[in-house]
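Each structure below appears as structure tokens.
Look at the two complexes coming up: chain A is in both, with chain B in one and chain C in the other.
Let's look at the complex of A and B:
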């Protein structure tokens, strides 16, 4: 119940943050979310701010050219702050919510979540094995040509495997009663 | 040739190896036995210098193997050529566009002439029955053929130490038989991990057993180990189940 409630709150907060257009309030929310993330991680603010740095780069990549082109600097700042806030909020909720329980009310969403998370965990392990095997088989250290072949090869592998695995996991879930057809 | 001195290794939330001491001489055929999660793969990764002991040391031909020494070009080149690892999942060793390129991958890095590479590739392809597949993308092959290809990719380097992580796990009985015969034909030092007791006898003459507590619980001749049922119990290699015909409980090996 707690997880569903948190998920509902999260969705409402998403709507609220998306419609908030005061930079002053967005900055205030940003500070609060940063603090909440640090508390949740039981760490310093420095560690809590690391994940949104990537989001900041992405946001700046889009908003900076827009601001330079149109001269609407305050709007670019507003967009960047919104992206940062949404990222921090999402991380905070993901860390404190059991998504499996939260999405338990919908078979479709549960199935989607199981498919996604099982793929992520499995592929992360396989990718690390691929990297180990490249190191192990490279007496001279991989060259540029090897890296190109390697990237292409594993890209193809994961694409092919994703198709096969999804089918397999979907069948397994169907046999356990998650029938959404 | 290989020496581990009081080696410890742990992952983020569990220990994998605890105080491992062992010496392996040139030409030895070693079988590494243990239940799932006992640390067999971790030990093989340490021997292949993919990870390094967090405590203790690993010596190869008297030289300490650590991140720093692996950065020395000459040592890395010799080590990676001489000590090779067959991964448990053969698919992670395949990433080249054709079977030919896969076999030539490590040889090309050694800067050999293309003709020499070609001769070696054709020799090993023929030995492993891979000639018909040379121009095919390797990921399209069946699991058994992939396993053969991965082994051939390692043997083209003419290694001195062959590490094999559960090499028969994906093989059918016929290919397993072929594999066991091939293993005895090779002249290099071999370390083969398995949890298959019935196959352990066929894969080597010296046995190392990792226990559930991640320590080395046995190091000696294979025949001696199986004589004492206590050894099997200590290593967690015996299980108990009810016999269907009589309803009695019996102990069985894995």
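Let's look at the complex of A and C:
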């Protein structure tokens, strides 16, 4: 219940922040969000700082040509602050909300969400391991042809494996009471 | 193609959210009617495939990015509504896990990729079902259709949302730029998407794993 309430509050805050066009207010919100996120940004610097940095570069990349082209320099600041505020707010909420609880409106949806997430983790881990093994076998770096063969092989491999694993997970979940409602 | 947070006006993304939720409810009804318990794992697997495929993206100057999407195999194998539901999940997980696409822009991204893409993929495949390259063309054309939809949504912003000085408040580039840039850049992506669709659908059918 708490998670769903937080999610609702977050959606309302997103709406409010997206509607703001005053740089003064956006700066104020930015300072508050930066303070609220300061602990996590400092403690897990590598992972937590990546989304705001990416958001900053994206906003500057899009707004700068327009600002230079039209002479509306404040647009770059407006867009950058809005994008950063939305990203920092999302980080803050995601850290304090269990997404599976907030979005689990039905058992079927929960089952699908859990299965999909577990497969995503499986796909990414397996792919990364196979990529590392290819690199370790090619001291001078893999050729393009090797990469194409490798991609085809690994694609079929993890698709096949994931199909079998997903069925096992579904059976395991069913045995624990996750039936289709 | 995912549009990040901050570029879409609330006047656009709020009604789009209403549409996405309405379509998701309908898709969920169809999902419960058409799929048996065995099909859910396959649906999850294909959703994960779509997730991985669309996580590989390249940023573009027009404000978006280029990547494969993976909705076409889902649409051909399970039908457009189920594919749409899957893409709702995939795009949500992408937005919260990887930061690909934003939460405010989730609705527009879902309509472009999940709804327009899935429906177009299924429509093209149904029309050309006896042709040799139906699966490839389904992936190819549907990718371009979702890129076109997204470029129109982005491109109307400078006409609708400006301040008294004429300064853009949200996405700044007009239709002429967004359509040209997104469609051109998505041609190679659509080609790859078509090939992947053909490969995945053939593989799944050969194994008799359809839902």
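Following the convention adopted for this analysis, the second predicted complex is superposed on the first by the 114 of 181 C-alpha atoms of A that agree within 3 Å, B and C clash if a C-alpha of one lies under 4 Å from a C-alpha of the other, contacts with A are read in each partner's own complex, and residues count from 1 in each chain.
Keep in mind that, in the parts below, contacts are C-beta pairs under 8 Å (C-beta built on N, C-alpha and C of every residue); 3 or more make two chains touch, one makes a residue touch a chain.
Everything numeric in this text was worked out from a predicted model, so none of it was measured.
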Which of chain B and chain C A:124 touches, first, second, both or neither: second
More chain A residues in contact [chain B versus chain C]: C
First, second, both or neither for A:135, with chain B first and chain C second: first
First (chain B), second (chain C), both or neither touched by A:157: first
Partner chain in contact with A:18 - chain B first, chain C second, else both or neither: second
Shared contact residues on chain A - chain B and chain C: 156, 160
Of all residues in chain A, those that touch chain B in their complex: 126, 129-130, 132-143, 146, 149-150, 152-154, 156-157, 160
Parts of chain B lying in touch with chain A, wherever the complex brings them together: 45, 48, 50, 73, 76-77, 80-81, 84-85, 87, 89, 91-97, 101, 105-106, 109-111, 139, 153-154, 157
Partner chain A, residues of chain C touching it in the complex: 4-10, 13-14, 28, 31-32, 37-38, 40-45, 47-49, 51-52, 59, 61-63, 86, 89-90, 92-93, 96-97, 99, 102-104, 163, 165-169, 171-173, 199-200, 203, 207, 209
Of all residues in chain A, those that touch chain C in their complex: 10-11, 14-15, 18-19, 21, 50-51, 54-55, 58-59, 61-63, 65-66, 70, 72, 74-75, 78-79, 82-83, 86-87, 90, 94, 99, 103, 106, 108-109, 111-113, 115-117, 119-120, 122-124, 127, 155-156, 159-160, 162-163, 166-167, 169-170, 174, 180
